[in-house]
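Listed after this line are the structures, all set down as structure tokens.
Here chain A shows up in two complexes: once beside chain B, once beside chain C.
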Partner chain A sequence: MSARANSVAGWWRRIFRRFGSLELLAGIALFAVILILILFRAQLQTHDPYVGDLYDRFSAMGVGGHLLGTDNLGRDVWSRLLEGIRWSISAAGLATVIAFLIGTVVGLVAAQVSGWVRTLLNQIVDMALAFPSLIIAIIIVAVVGRGFWPLTITLGLVSWPVFARVVYAETLSLLERDYVAASRAFGARRSAILLGHVLPGLRPTLTVVLAFHFADMLVAESALSFLGLGAPLGVPTWGNLLQESRDYLMVAPWLLIVPCAGIIYAVVTVNLIGDGLSSLARKRGLRIDL
Partner chain B sequence: MKARISAGSRLLGNFVVLLLGITTLMFFALRAAGDPIIVMAGENAGPEMIAALRQQYGFDQPLLLQYLYYLGNVLKLDFGASLASGEAALPLVLSQLPATLLLAFLGMTVTLVVSVPVGAWLGARPDRASVRIVSAIVVFAQGLPGFVTALILIQIFVVQLMWLPSLGHADVRTWILPSLSLASFLAPKLIRVIAANVAEAMRQEYIRTARSIGSSAASILWREAFPNAILGTVALVSAQFAFLFAGAVIIEVLFLWPGIGLLLFESAQTLDFPVLQAITFVVAVLVFLVNTLSNLVFRRIDPRIGQAVS
Partner chain C sequence: MSHDTILEVDKLSVEFPQDLSAQPNVVVDDVSFAIKRGQMLGLVGESGSGKTMLALSIMGLVPGLGHPSSGRILLDGRNLLQASDDQLQGIRGGAVSIVFQDPLASFNPVRPVGSLLIRSVMLHQMCGEKEARDRSADMLSAVGIPNPRQRMDSYPHEFSGGQRQRIMVALAAINNPRLIIADEPTTALDATVQIQVLDLLKSLTADCSLLLITHDLSVTAGVCEKIVVMRKGKIVESGSSDNILNNPREPYTRALIDAVPRYGGQRLLTSDSSPAGQPQPLLEVRNLDVAFVQSGRSFKAVDDVSLTLNRNETLGIVGESGSGKSTIAKAMMQLLRPAAGRITFDGQNLQDANQHELREVRRRIQYVFQDPYASLDPRWTIGKIIAEPMHVHHAGTAGEVLDRVADLIEQVELPADAIDRYPAEFSGGQRQRIALARALGVGPDLLIADEPVSSLDVTIQLKIARLLKSLQKKYSLSLLIIAHDLPLVYQMTDRVAVVYLGQIVEQGLTEKVLRSPQHPYTASLLSASIPESFAAVAAKLRATGEPASPLAPPGGCRFHPRCALATAKCAATAPVLTRDDDGTDVSCHFPGKVDAC
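Presenting the complex of A and B:
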């Protein structure tokens, strides 16, 4: 019996060592739920998310087979929520990837070059970080119009300086390490140092920044959609659901509560992963300043 | 003296890059919208009017010349007239600025009033159970987007309880929810930073010395640890300004607060480019002022920084 308890404890300890922190583990588990909801969306939807029953408007949660109630057109909120999750998650995810790619390249270039190019790149990044990017995003999206790609690309284009700053600072400090100096002394090429030492060295910091950036992009997407500048009309993303709920706050508060809960769940989950990753990095003796 | 001049010229350089970047971005955003004249003239303009406008704004010139012409106008602080109201764009934006500054001030005040004691308390005794629970709440609160908090506050206090009016900013009672909403997304981060800095300061030698000569716990915290912890906090507060401003946009829209954010939202919807250009210009100037000011404050509280630079 006690041997068994020991092995269970040992099993947990191994998982812990693998994932390093409770926050990370919890975050990953909670995020898995989101992925399941996305993957099995069709099976989990109880109604057509776009078709309503006008005789069944504003059903409260759980009434008439509607898990989360119905909206002003009698559409099933649960099915609509599931329909929108995929949109929000992939828009935020792609925007994060775009920002990550641009930012990493700019940061690496700024750390490799010297002279006025470096000064200019750093100045641009500095100023872009100081300027509220949401303002630029609002204007660009207003000009180019709503839609998945306009929104995603805009969010990526206005938010890459975060990555550039981190990558630049990290790369400079990595290039000063003894093992990099050693391989340089052995005649390693710049590209070999970049691929062999710098990129692997950037990984722990970048994963943390990626997680937090993803959370920021989720919020930005929902905020812009809520303002009527993000997702196309009719697509039930969290932001659009919130927008639609505004006229019915008195009669149907669940129309507000459901998308709010969705956003909070997703953002807290991703933040947990970010916190977990950074405490894991700290445990391994790395310092992450964000 | 020399160091001061070079620091000044660097600041000036930053400012030029910022303004140049923003105005250039706006110039090309205008191009991306299609023919700017058609956007500016509106849908009902006849061909003569379009031709006249084209000439008036110099849009019959090559692109590079247009760009220089546009920059020249920006230098003269001439952004043109609002397409919606016909008012000069820059004065219009400046007339809405006080409301935004008021909101930012209120939000920042609430944030500091909450964050300083809570952060110091969390940092002073990081191992207590009650501290752990509050820390967890703070982490959770950090995940709440400001506009979601605002919507929930409106739902509770305006719609359900009907305790507060929600819109505008004439009545002082309408100030409460917007400033709380703004503080709700600034405070968690600040609390965590203050807590971390205080905890770090409490581990230093001078704290042990103070304790050994019998200083009270409160005196140790507020007179020794906190002043040293506040440095990183000032840096964060100024870095959060961009964040504060972005948050203010959506809070202003939600509460119909007549500031720059609301103006931005309305002008973006009608593609009122003169106003949008004036807004980005004013925000760029504000960003520069705040950064410069916080730099000065920073040097004032920590003389080491000025020395390190020179």
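Presenting the complex of A and C:
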């Protein structure tokens, strides 16, 4: 019996070592739930998310087969929530990728060049960081209208300076390391140093920033949609659900509570992953860099 | 216990629990020793020997989950292990104080140094601020800080390294402690300054006892009455300084003593230094200037330096930190662009070399960095690291490179399975071997080693030095060694150049320059590196103060403010490097006057 207990403990220990931290493990488990909800949306939805029954308006949670109640048009909130998750997650994800790509390229270039190009790039980043992103979003939505791509691209465009800053600072520090100087002393080309030493060196930091940025984008998507600048009307994203709930706060509080809970759940999940990754990077860093 | 014993450590063990396993890690194991009033005790051991943990447990400052598990620490008969936190608080900085290795890291950068002293005095001596200020100023002046009243309001970065360490000593001594613990107090300092701080510490023992912790036996030689040698948490040997240094009983102690490079005895030279009689120059540096710009002002880090390195020869460049010795080497590899001068490698002028030629030069000249912890990418396997220069220079197919890497790993005496492992799994000495293997892969003619052993333990230093010399012979390399450690340079080099504030002050055959120095600076460096027989003569020549900032070198001879022989002429005109009868170049108005002392 004790042998078995040992092997189970050993198994857990191995998992724990692989993932490095409890936060990361919990974050991944919670994220798996989101993925299941997205993938098996059709099977899990109890009603058509877009069609309501006006006799069934404002059903409370659990009443009449509506798990999370119904809204002002009698639509099933649970089914609408499931419909919206995919939208919110993919908009935030794509926005993160756009910000990551632009920011990383700008940061890398700024760190490698010198003189006025670097100054110019840094000034642009400073300006972009200082500029209120809501105003840019309003301008873009005013010009192209609401929709998935306008929203995603807007979010990406207003948030890339975060990556540029981090990548710029980290690259500068990496370029000062002795192993990069050694590489240069062998006559290695700049591109080889970039691919061989700098990019792998950026990886731990970037993974962490990516996770936290994703959480930021989830919140930003909701905020913009709530203000009517994000997802198109009718699509039940978390932000739109929130916006619709505003007028019925007193009669049907669950309309507010459900999308809020969704946002909080997703953000906590992603933050757990981010925390886990950063503590993992710290542990590895301690082992490697000391 | 006799009444004049200040500190007695009795069968002390310190343990760290290890995660999940039952066995704790014992870092200090059943250690006993005692320090008498006014005594200076040296605690010697390599890194990982537990000497710092021992010191921290006296202060009640063992970090993390570590804790003393058994034994007693008696200070004036009182067991510190049973003292409460409040009592310990009173003891720290009061009856027992500590001097750390790195004086910059142990000062709060945003507070004037005086405020630390004043606060400590007010806390432990229960006096008002004005009185505390007076006492602090007196203490600063006692440790040799000029204008203490004004300097008290300066911040740590406004002092030089040696001055910071003096202030640290003042902070330790100000509350009339019974015991001062000095943990590697001079390791971060230059040789000429090191000896000044040791003298200062020694002068304090009139009033209190001193525990000097160091990895370097030679530091304890002149100053400690008693030495305790530690290894892996246990005491290997202890006894009077004379006994330990002259007839050690334990082989480990003997190994530590042998590891300290000495003048005389067997030098690690390649026998066939200049085979054909006529030396063939490989690398020539003529009138090299390297300039940097700092806060808008340009200054010369290297000023009119000329050097020649012959084929198969070993040249040493010696100097204190900030002397520009590494800058010279970097300029040689064209990693820095010289402001003026000519660098010729094997007949080719490097300033005119195009990108293609420069790449070839960077194959033929290889550079080994000082810190093997920083010069290997932690994310690369050893195999990939060693192969990097070969890949850069397209030296053979993947299979050939792999064979070569395996061969190199064997050459530098690393285990064969190292190839798939990461730098984090290796010790400092092993990492330096990896760096050597990496440099040798592309078949260089010249190896530049920048402080190749100074970040390693003494016993490892000697091994790496031997390896370097044997590889030099095997691959018929020319070697340029940059170092501040004179005995090591004496052992390893054929010729040596001594650099002070960017200028060469003396240059010639190592045997001549380091045996009978002509320049007072060389003599002061020698006196600082403690060759016992030399000490008496050279004490008169000890350099006072610290090197001036290279930003504003003094006029005339750059060494004159610190020189024991300086006259008005030295302050007025700069001497020129001239060759004497022995073939040694000296830049001094009074060459050879050193002999007269």
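Simple rule for what comes next: the second predicted complex is superposed on the first by the 285 of 290 C-alpha atoms of A that agree within 3 Å, B and C clash if a C-alpha of one lies under 4 Å from a C-alpha of the other, contacts with A are read in each partner's own complex, and residues count from 1 in each chain.
In this section, contacts are C-beta pairs under 8 Å (C-beta built on N, C-alpha and C of every residue); 3 or more make two chains touch, one makes a residue touch a chain.
The structure displayed is predicted, hence computed values, not measured ones.
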{"item": "Contacts of A:Ala188 with chain B and chain C, given as first, second, both or neither", "value": "second"}
{"item": "Which of chain B and chain C A:Phe131 touches, first, second, both or neither", "value": "first"}
{"item": "Chain touching more of chain A, residue-wise (chain B, chain C)", "value": "B"}
{"item": "Which of chain B and chain C A:Pro200 touches, first, second, both or neither", "value": "second"}
{"item": "First, second, both or neither for A:Ala42, with chain B first and chain C second", "value": "neither"}
{"item": "Which superposed partner A:Arg177 touches (first chain B, second chain C, both, neither)", "value": "second"}
{"item": "Residues of chain A that lie at the interface with chain B and also at the interface with chain C", "value": "none"}
{"item": "Residue ranges of chain A touching chain B (in the complex, touch as defined)", "value": "120, 123-124, 126-136, 138-144, 215, 219, 222-223, 226-229, 242, 249-250, 253, 256, 260, 263-264, 267-268, 271-272, 275"}
{"item": "Residues of chain A touching chain C in the complex", "value": "13, 177-179, 181-189, 192, 196-197, 200-201, 287-290"}
{"item": "Contact set on chain C toward chain A in their complex", "value": "20, 333, 335, 358-359, 362-363, 366-367, 369, 371, 373-380, 388-389, 392-393, 422-424, 435, 438, 442"}
{"item": "Chain A-touching residues of chain B, taken from the complex the two chains share", "value": "13-14, 17-18, 21-22, 25-26, 29-30, 32-33, 139-140, 142-145, 147-148, 151-152, 154-155, 159-160, 241-243, 245-246, 249-250, 253, 264-265, 268-269, 271, 276, 279-280, 283-284, 287-288, 291"}
